[in-house]
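Labels for the chains are A, B, C and D, by order of writing; each one numbers its residues from 1.
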């Protein structure tokens, strides 16, 4: 009974690219982490070590830097350009997946004026994209990660199952905090204003988190996904992974003190993890998107 | 056009459990990180915040600790016990996935004798399992992560595609280093000696890495997966993710020195990432395994 | 010949405290990581395990939470209050050092208006303080860490020593990037507007980084420290640790492309590390400050 | 009133060096992380950006790799060689500090036999050294970090101060766990068998942790330091930083279960942090050692 080769892919991961655009009115930074995964007719390198169809990951890295010479633009466009290049130029490569993280920078203010060439990192979320291309169709997923949010009220949790291991008291006013990891799938890979789309999606996620009176983090998750869909017809599905970053009210009664929702211990582990998807009824199938 | 709820799951992640077994001949430590993900008839909590079918993640955490009172044993058995409990006791829960990491400890030697109750952490890989149970079938995947290995010779890489972005020189003797992330799927969830199976699989991975003269990391990957399959009939598929941890020979010629394969720079990023699977021709479908 | 006890201290580290102030006009978050180190007449617990003079670290943690019940305010004030408490209430404790990190949050905007109780984390630097109190004098050091900055021009590096191991080409226009770790010592622990002082110091650091035409990171460091001192008479010393986060211009010539200062590889390791201090000629001695 | 330059140093940090020694009987790996800090007559680069006395950190990195061509040997010897080189060859450099971390590797066993050129990483502690040289005297500190240890019994904690914030119950049998960060200072920098010295010191730390019946982590700390001193006359001081990694007994009574010291929650934060030093009465002053 034989052993066969199953699914496989390979590529260069975490290519750190910084591009400076030097405009007359000031410089602009694009700071990226690019990861590539290629698959196709690659059985021989697995089975015999024959690399005749293998484009080295080093060459993939070089391609990222060479393509950046022409400008990077929006990460969705750059990922599309890279993914199409690998599949269209390499006969053995039948699918390329390019994932990019973009770190945020803002101009430093000096005496209230934005500096022309000095920047500092922002920390309110990393912009992401994952583009998949199979030689015919391209799927574009945009996203944001490491966007940490907290509501100091407006969150309840009660009416849940009580089994023999349940000790959690019901809560009618708790802190709700999470680190948003959101990805949204576009209907197609046609041209659009990806930057505007991203700003709008991120604002929708933040607004829905802020103004949903929450009875469960699941409900907040669905509200966030739905808000993105409502605002952008070309987005067909939103996937969210939300760790429930627990904040425990500290019992101060041993010290003769009450604690009316003011003093909390922020725990590291364990945490709840809520994952879900909101999608349009007429969403096309995801294909190779995720 | 409506918005609907897609796939979703929830649970407590990273429950840190340490159990001490206090035998007469010496103590024994079991040090685990347990993560649970449940799915089923959970639409209402997403859509309206009605939690009537939600078992709190806090209760899941309590269950982990309560079950540990009876002993933990092998992580595959403990994960099976937990997964079956959640599905079989909660009508709304139709699938449970329990993932466990086990950290290694060894007895400290004092004057050459193993101490009865003093231990130190080992670092040669974390043992893992992921068990999925749908109320009918259970799938068991075992694994190891963070097992860092290096061959100082016996690795070549040449004969690859040269495109316009290729500058990599061919190598007939290079360092090959990776951090093994391996998972293997068992044919069924029947009783067996999981500890012995794990020892054997890990030894097979290490031996195949060591004695494969490598023409590509893909070839080494396939050899590693195949070695595990060859040794254990009840293992039907092995999935591996191997970062190619590049070690670059330093050019010492500016200092009037040669460098006959001795002095290397170990790079952090970027790295190659090779992912692949080796499976039996007659492997049952993976079902919910991965 | 005997063995004696040398310097020692102990305390609870990384107490994670989140306080919500619930004002009528909106809530306010204070998100802290508090670490305490006490020293004094503690030889017996080291030498014999007699804990009669040891205030448990658990009690120290409780104190942090209990004190937060009255409000936290500025971290320098909170650290002073804690440090004085431990020394003044425990006869055996002769010195307390309290270090606090404060994580930044900003109100989320919904339809352009700040939400009353919804926040997201900012990432442009963590505010810090270290207060030391010996029963008589208190020293206050304020600071900022994880403030990542980059100048896309205005940085040169040439005219340095060339020894037999020097291969670095001189640069008249390079990227200068660092993650600022700055701490500044106040002349005394008297009352002042610590928040305003911190805003001013951080603005001075950013402005000096931005508008110094740099011939070395050392020069920029000194300009940053001096700028803080110039703006605030009560600050007497500024210590800076600046990793030189190298950005290497990618050689695109193998691909027939030039690279006029546009495409860079951002390296992780190694990095330069520049450490220095700027202080007033009449600065009082640091005492136990750092 | 003027601003002056205070203490300062600079250098290349985290130079990752892997050296392969290719002996006939098998290869040998040396895997290091080298950090250099130089100080001296460096005011001008701070004050005016004149780099005439600055040896670039890039040249320092090159020196590490070039010196490795001749062999690395024990990390104390390699650090001494580097430190002396920088001070003795650069007139402006008056002090060099070289810190090295060494990662452990062991030969992989294949069919019970050690492979000649295949290795895997061990995780029971990272060996360290810090050498300081001022042109006249060299101080050598050796150490170990990330050595995680646990005693499952033999640890008590009672008889401590109870203040108004104390709620901790006394314990007569608790888990004691820590991640050892130990550094020990040698009497001089003369030649010796550093490898043997390190093995002996590490064994002493582990043995003292194992066989000390502990009434406080401070007591265990002092026992560990003293054990190293007792075993090696040429070691004059041992400094230890021991986080108290709390393991909390889980209250299983809500589930009708007892918990006779078996089921624990391993907490991340906060943790106690105990720091102390054991030294010989006749220890020479530390000079620039630490």
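Things worth noting here:
In this section, a contact is a pair of C-beta atoms (placed from the backbone, for glycine too) under 8 Å apart; a residue touches a chain by one contact, two chains touch by 3 or more.
This one's a predicted model, so the numbers in the text were calculated from it and none came from an experiment.
Centroid distances from chain B, each centroid being the mean of CA atoms, peak for C. In terms of their C-alpha centroids, the spacing between chain B and chain D amounts to 30 Å. Chain C has its Cα centroid 38 Å from the Cα centroid of chain B.
Annotation for chain B: residues touching 2 or more other chains are 16, 62, 66, 165, 167, 254-255, 268-269.
Chain contacts here are complete: no pair of chains fails to touch.
Taken together, the chain B residues at the contact with chain A in this complex read 1-16, 35, 37, 42, 45-63, 66, 89-90, 92, 157-163, 165-168, 214-216, 218-219, 221-222, 225-226, 229-230, 237, 239, 243-244, 269-282.
Here chain C touches chain B in the complex through residues 164-165, 167, 254-255, 268-269, going by the rule given at the top. Partner chain A is touched in their complex by these residues of chain C: 16-22, 27, 29, 31, 62, 65-66, 68-69, 105-106, 108-111, 115, 117-125, 147-154, 175, 203, 206-207, 209-211, 247, 250, 252, 254-255, 257-259, 261-268.
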